[in-house]
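Naming follows writing order (A, B, C and D), and every chain is counted from residue 1.
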Amino acid sequence: MLIGGNLRDDVILDREHVGGRISLADRYRTVRARSEAIAAPLSPEDQQLQSMPDASPTKWHLAHVSWFFETFLLARDPAYRPFDPAYKFLFNSYYDAIGARHPRPQRGLLSRPTVAEIMAYRAHVDRAMLARIDGLPADLIELGLNHEEQHQELILMDIKHAFSMNAIAPAYAPPAEASAVGGEGGWTRFDGGLIEIGHDGAGFAFDNEGPRHRQWIEPFRLADRLVTNGEWDAFIEDGGYSTPTLWLSDGWATVGAEGWRSPLYWRDERRIFTLHGEQPIDPAAPVSHISFYEADAFARWAGKRLPTEAEWEVAARSVAPEPTGASIDPRPATGTGLRQMAGALWQWTASAYAPYPGFRPADDATGEYNGKFMSGQMVLRGGACITPPGHARSTYRNFFPPAARWAFAGVRLADEA
Amino acid sequence: MLIGGNLRDDVILDREHVGGRISLADRYRTVRARSEAIAAPLSPEDQQLQSMPDASPTKWHLAHVSWFFETFLLARDPAYRPFDPAYKFLFNSYYDAIGARHPRPQRGLLSRPTVAEIMAYRAHVDRAMLARIDGLPADLIELGLNHEEQHQELILMDIKHAFSMNAIAPAYAPPAEASAVGGEGGWTRFDGGLIEIGHDGAGFAFDNEGPRHRQWIEPFRLADRLVTNGEWDAFIEDGGYSTPTLWLSDGWATVGAEGWRSPLYWRDERRIFTLHGEQPIDPAAPVSHISFYEADAFARWAGKRLPTEAEWEVAARSVAPEPTGASIDPRPATGTGLRQMAGALWQWTASAYAPYPGFRPADDATGEYNGKFMSGQMVLRGGACITPPGHARSTYRNFFPPAARWAFAGVRLADEA
Amino acid sequence: MLIGGNLRDDVILDREHVGGRISLADRYRTVRARSEAIAAPLSPEDQQLQSMPDASPTKWHLAHVSWFFETFLLARDPAYRPFDPAYKFLFNSYYDAIGARHPRPQRGLLSRPTVAEIMAYRAHVDRAMLARIDGLPADLIELGLNHEEQHQELILMDIKHAFSMNAIAPAYAPPAEASAVGGEGGWTRFDGGLIEIGHDGAGFAFDNEGPRHRQWIEPFRLADRLVTNGEWDAFIEDGGYSTPTLWLSDGWATVGAEGWRSPLYWRDERRIFTLHGEQPIDPAAPVSHISFYEADAFARWAGKRLPTEAEWEVAARSVAPEPTGASIDPRPATGTGLRQMAGALWQWTASAYAPYPGFRPADDATGEYNGKFMSGQMVLRGGACITPPGHARSTYRNFFPPAARWAFAGVRLADEA
Amino acid sequence: MLIGGNLRDDVILDREHVGGRISLADRYRTVRARSEAIAAPLSPEDQQLQSMPDASPTKWHLAHVSWFFETFLLARDPAYRPFDPAYKFLFNSYYDAIGARHPRPQRGLLSRPTVAEIMAYRAHVDRAMLARIDGLPADLIELGLNHEEQHQELILMDIKHAFSMNAIAPAYAPPAEASAVGGEGGWTRFDGGLIEIGHDGAGFAFDNEGPRHRQWIEPFRLADRLVTNGEWDAFIEDGGYSTPTLWLSDGWATVGAEGWRSPLYWRDERRIFTLHGEQPIDPAAPVSHISFYEADAFARWAGKRLPTEAEWEVAARSVAPEPTGASIDPRPATGTGLRQMAGALWQWTASAYAPYPGFRPADDATGEYNGKFMSGQMVLRGGACITPPGHARSTYRNFFPPAARWAFAGVRLADEA
């Protein structure tokens, strides 16, 4: 299944390469419509769910991304009339410079506004945006659209987590066709040296992807594909979750406190919870919904290590990007050579999320977008099956706390050359 | 406003007195319909809310009361086909003898079954019950109906709490007409002596109301009406919430930990959150949504005490019962003499909730209904404005933990004679 | 072993009966010396331990009981010079009327004052008290002495708990001689009726023991002796700790949260931790260190119930009191008839701790002594092996929260007549 | 004051440079004696204190460092008789490969063994070590001695924290003489380029300091001295602790949760708690006992940033090392030029604690020494006034979680060149 499949066309896929061919208004309409297509299979009750403080209700995501356009763009026009003054408070996520906000862990308690009211809010914002689109700063609009794309992925992550709490295992979508069988994995060698990483400023990128800067790396090797469920099973069978010396100290403490014995959505009898409902585990598919701690322990067990984000970025630009957004469950690797750099899962790196040398957040409130989260998190690279088409880049820096498991995240191994 | 007002008629009000006049099938239909009338103003999103572990979503209440009939009555018939086998797990509240169940704090995460599916479940159970009603034990049916009436009150308590967490203060119902002004309160004296309390077995009662038994009480006086918001305001103004010597030790610790400075739903600028939305505080209305700790501290501040449940019961049977279920916000006392014994608010007593001498719970799973909660809670007597018509009795023993504030509970003072 | 054994003599044992024979000064000296004798086997390191917020370091107890005399008696004399002004803050336990105080859970962090300094403080207070003893109110002095006796018991409870946290199982005292074998238990019947309970004001009693008042009780039977370890073992073997229907709801939740599988100090291989170190479990000795929840579940399993405090008191005054303070571990019952009403263990009752009718705490700060704890706790009656000689009475109301297990508490069963 | 001052002599100070001049036995004796000198001013009660899970009692430190020699060295000799077999369990810190251990947060509950017994344990280990010193691996002995030096610093950190919880503010040592006035701070520029960092293997280093490896750094500037209390005061006055946009998101959450308004030991009326007791704040002294979050917020407020550990190391090797271990409270900077690189405080860097490229922990149990802590922590560089003489190095990598404040840690600013 393709999320919002009826919306995807060449225009979207070509965005990065021939972005100039579509108007900003068309792109705005396309992104906004895709969010609604993603929410379409969900009932009002589904859209109300918040299964943990880190997650948000679908309808809250739908409102918040509109709040972003209203706050950072429409509010520049004194003639703009907000849809509802209370929304400034209700749908602010974490922007301290904007003001007070509804407590994050209680987003699931906002039954009002209803889904219908939030859809009306979206329509109101869309009319106002499209009426002014030529007079507003294009870079901020593009930020708002990329922001909405990030929330499209979050909607799917969050509803998967929420549905997983229900004993009747609701399916977001009907079961998918059987996967192709994946091939064996090899290794690809890279020379290292004084390289450059980071975004060079051509086309859209988030602020945390720059500045581009020099870095020295030694020669290294990268696994051609992601670690599979079958390989993870061998780790479990070998006592991976009960051998403290394989784990970072914080990781081992988390294993004990949370009772981890397998990846997040694995269930008894070799079954796994997915957005297609409960399914048999496919041993050839990449292992998903693991934490950094588990990725790191697996690498140690395998006698390997995780790549740094610089190594990953150097490798990624050596191959043509694979598309994201093509399914809601990661598929086995096919073919040979370095692959699955995007399109299956985000990939934990060994790099703590920190500012690049010379990084300065924007002076206005959008400066809170990324910079203030630069502690206590690890960088993931790549792009998942649920990442919107055209949203990922080789310089893209995703990040989550080391114990987080609800992201579509997997493992690629690295080693010395 | 009268909840489910169109359903209430003489038949209901007369239930206790001339119960024989209506058939059990009619009574079943009436109670079941009233639950749905209470839920009618609530959207699917509203019905999904669970604002704290002690509360449940509206739709969960609607399903659980049906589960009760299915589990304790319909399951006796081998020919009965359950609506959905998973519901046995999802909608069991706390009956260990029945089996495992969905975790209570996560009831709000069950977006499926939807409200529509739960309404279909109710219809299925209703058809099955009405088809078998003459062959099933009438006392168990009556227990199920009284159980459902208790949940009708819980639905209103819980949605009030949930709505109160929303900054836009949703209203369950439009504002009510202005209240009448309440009169001054006096005291009524009772002689005490060797009295009997507890239910005598004629007509329906919960098991915890019996056995009827002898008890010695000394002469005492009871306040004619409940403590008002205006009187509570004087307590606040006098430093009631900042004077530790007025409080029980556990109460004072709770004041500090929770930051209590007023009753639960009081807000700035002398406003109060109600099921009618935010309103001005009516100084003549009885103070509501206070904990036992606050009731006890107020009584100490006033130089009085709370009544025991035996004192309360002796007094209550000396006056004609006032009707419950007539509004969704407690109204000021009118008239003179001992009043508001029911119909406005439940009333905290000085009695810890404990079994009466000789109490034995039922041998089957319904034995878990009341008995296992007989520790750590205080008895409330009376009946609130939101209590279903005809549901309360002078022997009725309601109970909540001493820190609970979301019940429709107030204070009546007592003193030595 | 007898605690403070060298201090015990006929004078102490006879206190209640012929109290007039010893002077108040002698009694003061005797009680104060006994506290120090109890602490004598403990090193400065031992005396520093606080193993949970409910417990206190030995040296803190030694200082606090002196603070009591200083605050409520010596401070009445303007000429009295406090030993150290900081102690007013450090050693106030819970008297809000006296002022701010050191946080209870951090008493174990007060390495200064040292044990030696606290002993000097005690000597300072003793000199001042004895110099003024004829001019100070005798009832308050007696309250201070009974207060100190309560802390003598707490010192032993608390050090037992603290030592139990140490894998090397330190012994407070060398092993005791083997116990006598206990006999079978029968039942004693009581008639009930309109009885009086509570202290009548002759001789010392705590305020919570009065006023004496009338109460109606039905005929009942009381077990002749306490439940034994052997009987408790049968409860365990029968799945007592894994059968939810035997438990109060709060009790069952505590079993799960705390992982209870046996009484507090039971260990593997039928061994038990005592103040004599680790020992084999004596099946004839009374089961000890159980919570109210466990006592209640055991009674339900046995088809019996716990006595009310009124039933217990009526029964207790029908037999001659057994002495307390004769050992540091409870011994098996010997002989026949109603016994172990004191001297072995405190006994959980079915009564929640509440004020007696007409109870009024003292107007001064000593009014905080008992009254403010009258919620959330259960009454225990009797007196333990570690209770100071002469300290218990048939009207004595001890109290602990229903989950507390570190008191020397056991079970006596009751039943209808 | 100089800690263990009577033990310090030229031999110690010269260790790094002419290490060959003293025998390993002499060095063993010197380090071991210094630990005992540090503990000497502390009473048995003081040595029992554990004020938070991260801290340990003094006597536990004294035993654990002996356990290290016993476990990793003496146990190699089958003829060695352990002092007490239980100590293997009691004094293991975190070595999973060695076996089970006493829970870390409960170290303060081990009143036994007493201080005297632990001193006897030390003597036993010393005799056994000195008898075998020529036959045991010198590198492991050196690791054990450096390990003990780390605990010498921890003893002082931990007792400072414990004493700070006591309202009477105990002093570890008498007040020190008044400090010299510090001079203004300038900036020193460094060229960057392809540099090498990490230990080269000549002389002792911890495993986490290597392997030495190449890294590219851009030109940068480093502040000549540490940020002072006076400068921190300006940050506070400017609303530093109440301006969310200055903080990392996790930092701001911590400010709120912990109520931070100033560095850890600052008190009202411009006073500060130190190991000399409470003192006036010296505005010229470097600010100490701040978290990484605070250091980072201060740097943002100042328009600067924290140095990376590579920048810091390059700068440090450009100047002669200043001695550590010369006082128990950090002193103002004197003189001019780059200074206070060691001897005053550890200095937070912008670098998350991660393995150097090619890092592999040892194969035996000592491999747990550092590697497993390489997540969730930030690197500090330098060396504090309380760091043992000769213990620090320019390659030394200290590390603490970003919210930790009880280390002797301060801030040095960095900037682009």
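FYI, a residue touches a chain if its C-beta (ideal position, glycine included) is under 8 Å from a C-beta of that chain, and two chains touch if they have at least 3 such contacts.
Nothing here was measured: the structure is a model prediction, and the numbers come from that model.
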item	value
From chain D, the most remote chain by mean C-alpha position	B
Centroid distance [mean C-alpha coordinates] between chain B and chain A, Å	46
Centroid spacing, where centroids are CA-atom means, of chain B and chain C in whole angstrom	39
Between chain B and chain D, centroid-to-centroid distance (C-alpha), Å	60
Of all residues in chain C, the ones touching two or more other chains	none
Interchain pairs in contact, sorted by label	A-B, A-D, B-C, C-D
Chain D - residues contacting chain A, complex	94, 96-97, 194, 213-216, 218, 244-245, 247-252, 292-293, 296, 350-352, 354-355, 357-358, 367-368, 372-376, 402, 416
Residue numbers on chain A that touch chain B, as the complex places them	43-49, 51, 59, 86, 89-90, 102, 106, 108-115, 162-163, 165-168, 170
